[in-house]
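Below: one structure in structure tokens.
Chain IDs A, B, C and D follow the sequence of writing; residue 1 opens each chain.
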């Protein structure tokens, strides 16, 4: 009943995925590893105990010894590799984004639709985060009444060198686009991006603030601040008719020292979402073993990409932009 | 050195002011009380020990035994009474708003300017709240770098019977307009009001969400939710270049009971801002004794009214509205 | 109806009391100030606006222009001055402790008993702290069932130069003795003091840990740590049959900075108990005006001293020590 | 490299262990399951997919197809089964306690010593809890100076029907005994048990309060309250020379509702220590694969039992009791 996985791309994300599959996911076999940097592929394979290093990604996808594929290579390669997996009828967990544009994502929808079944899971791992899951369970219980607004905050310590200011929308806020759609069970219908001009203009990590509406009339707002300096901090508060539910601060210990009391922030997303990545990997392998797909679908990947496109347009044109999605194919209903 | 105060209007707010002056403000003498409802005026005067009940507000203002006036009568009477105080050269603490429209506020500015000195303090008491003051002190220390964004939340338990949905902007959000101007040391330059359509349309207490920009480029956003049900809850987080500072939850005790842990919310603003009202009253009387004015000025009252007008226009027209203020008279610099 | 107060001792505590009476207590008149250091007395009188500086404490107590006396002179003088106030039939607010020994306190009980009415309030100000009051109200509501245990923590930044290790019991823990008696409505019946030997032996501010039983069977434990370094921190949790209630952390703002989140601790007790001192002063003057006594009585001062004596014996002999009080005179029932 | 595990006892605890091994521990194979109740053994084996159901525990231990044994049968059987595992040279994870008495534990030490290597891990899973681990890491960093005191609280919702009041010490507090020894790197040297008499005498779940000293002079105190009603709540605060570190409240979300704000408590230990059990299982299997032993040793099991014995004596005799351990065999150093 084991699932033999091939991993494409073993940079920071891909190597973490490989470690998770090896150490936390019974039933997963790390069959092969591919990376454009063969030395890196070899090193990760040796560290984690992968069976082999693949010489070519597309060939590896087609290998009969590979049951499923995890794509963690650069964003621009995601769509091509995902289409290759569909062609080879292999389940694939593709890191977000599914593709840089909504148009490219639609090709994935078309390929799955043509095949007649779903093989693609997109790595929007927050859907597996126990805190977001608890939030969704609370909403479902209806104790708080219907949700009206969702306030989101997403802060990083510092923008990496390769960051440009549009990526706050296209690369960071997409996590919130996906989690808001999933939490509220609605599509996003309009987006407007604001920028505090008090921030230094030349800083790619300066904050942006997004206000979105859903098809069901919820208001979603999102602060993205890549250069927030003080720590990696993701927050969410869902405001409902009779009460609110918010993500708790995830500190494990609190310290009293030097006239201050408090908890620590991690420097990046890994400690905060370690559970989410582990549970996502387990759910993916578990679903494959039982012939199903868990988590965010290709449709979800498409929808997030469409919102990101509209968001970038709003950022450029400084006005509210409507989001129009294609009709949802029956496969995704 | 005592200040003999006449109070106009002793409903809930005015009676609370009277009690504070009597029990918490050395140097204040409760000289006279006026209310359109003479029975109520008599009852409050007796309870609190006022020297007399006045038969007429305007006459009382001119009485030589009255050194200063506190106006807590209905909003529509504020401007006329304040102008009467200026005419009588009596310092006046006028409950917010200074007047329902910016135009009426400008008449107060003109009257003070003509007189050549300031007599008017507007009751934006949050400027005296120790938590907001601590926030401002933190910003001034520059530990966190320059402020970029100010997130504000203002929730009530339920809209009173006389509430209409425009009042969320004109009556509630004005507190945030004033505190944001004061905190950021900037005027508000534009406002856009959003409404989550998921809320029931006929509810005057349904939430609104405002996004504002300041003249110095800060972004301010404000959630006002009058029917929030769960409690009176005012929050603020100031996001700066290197860190953030937020108002702490003001619970005094925490309880563990019935599988839950937590603090209590008050049902209205009085426990939350008790300190602010007390310190405002002390500062007002103290400043009068030394010939000065503390707290929000007539200019501040005018600015808040101008933002509210623009906000109401945005609410009606569903677009961003610029706020244009008259040039600031030298008296207020 | 004003109360003319004479203050004896205007060091840190006494000067703070004088400022409170002048700025926060309508009805109080700062009639005279005495201090063994006449220059200091003069300076405080000038700063705060006292009517006069007294040349002698005992004479001042007897002056007909003095209605009530506040004693904030060194601990060893408290009893003599309090007895003088009783002899002069003047209400007195005596800083804690009432006297260094239980035997001396009993003389105060005898003097009041002989007079046939109570004039003495002891400055156990925590009884006026809104958080402790809210805790007591919660217990009284019986939502949590009967109280069983009271966990107390009392930490300071550093021991002052004049501190010796016995004072952790006799000078600091007395606040917890009083508040536990008041909170649980019971006398303390036995005390056992533990010392963590891991602390450096020669440190007067090293921690002690006390376990006490009340006459009604509650367990009270108290950590006193004078050299706790990180901040002034007072905590309490009352464990009841069905739940617990604890003092909340009193921070007004929270800061995110440098990979940490949290609130600040004050360096000493003054910010933490500012409300308690203010409310105590108002209650004292208010009660005098109406011929009554508020707060901790001479009996409470005696009981705390008796527990402290037993605690010191336990510290010296390293065993549990019973606390035996005299029969409570009817005046204090 | 897989480890074939036989599980003895599949009640609540044992079945949870079986699920963890099957779903969270790559490298573990659920080879056989034994339970005195054969029907229950069959049901768990079917649910989780164990290879077989064993007819007899001791026979199963000796089977060559079994590489390692997990003992989760009733407490009184632990020692005999552990000795059988040692005799069969099989690594064993024995649920706590290792044995009901210190004398029985010593026989396990003797057996391992005779064998010359360690095979026994005792299920004190808190050593794997990320919060306790973070606390220990903080201490090791020396940021807070040397630890002086450890305050522990351990509360359950209600005592199960089979509970007697001695079990608060022998069955519940043993978790704190072990974690305190591990955290402070010291043995416990003396224990004194207090009982609040205010609690109803006939209640087996009434609170007890323990004060312990370590061989290195730390003070450890522990509240155990089985009938705490409000929730499962485990707390710890380590007080050091320059600061303190405490376990944070582990809520994942916070809710505002009905004039209250806060987080939820679980009804039992499983949500609170889910990570600890998972990480313990992974560490155990991982260590076996590399020929080592992780977590609490037989010595640790013995030490906890010895403290529990002394604690029960203190409870009975109402005095401080010294704890004397045998000399530590070199195998455990």
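As a working rule, a residue touches a chain if its C-beta (ideal position, glycine included) is under 8 Å from a C-beta of that chain, and two chains touch if they have at least 3 such contacts.
Just so you know, these numbers come straight off a predicted model, no measurement behind them.
Q: More contacting C-beta pairs: C-D or A-C?
A: Pair with the higher count of C-beta contacts: C-D.
Q: Sort the other chains by how far their Cα centres are from that of chain B and give me the top one.
A: Here the answer is chain D, farthest from chain B.
Q: Between chain A and chain D, what distance separates the C-alpha centroids? Give it in angstrom.
A: Chain centroid spacing, chain A to chain D, equals 37 Å.
Q: Between chain A and chain C, what distance separates the C-alpha centroids? Give it in angstrom.
A: That gives a centre separation of 57 Å.
Q: Taking each chain's centre as its mean C-alpha position, how far apart are chain C and chain D in Å?
A: Centre separation, chain C to chain D: 44 Å.
Q: What parts of chain B, by residue number, touch at least two of the other chains?
A: Residues 230, 242-244, 249, 251, 254, 256-258, 263 of chain B each touch two or more of the other chains.
Q: Please name which positions on chain D make contact with chain B in the complex.
A: 230-231, 233, 249, 251, 254, 256-267
Q: Spell out the part of chain C that touches chain B in their complex, as residue ranges.
A: For this pair, the touching residues of chain C are 22-26, 28, 130-131, 134-135, 138, 143-144, 242-258, 263, 282.
Q: In the complex formed with chain A, which residues of chain B make contact?
A: Touch residues, chain B against chain A: 145-149, 151, 194-199, 206-207, 209, 211, 213-214, 216-219, 221, 223, 225, 227-230, 239, 241-244.
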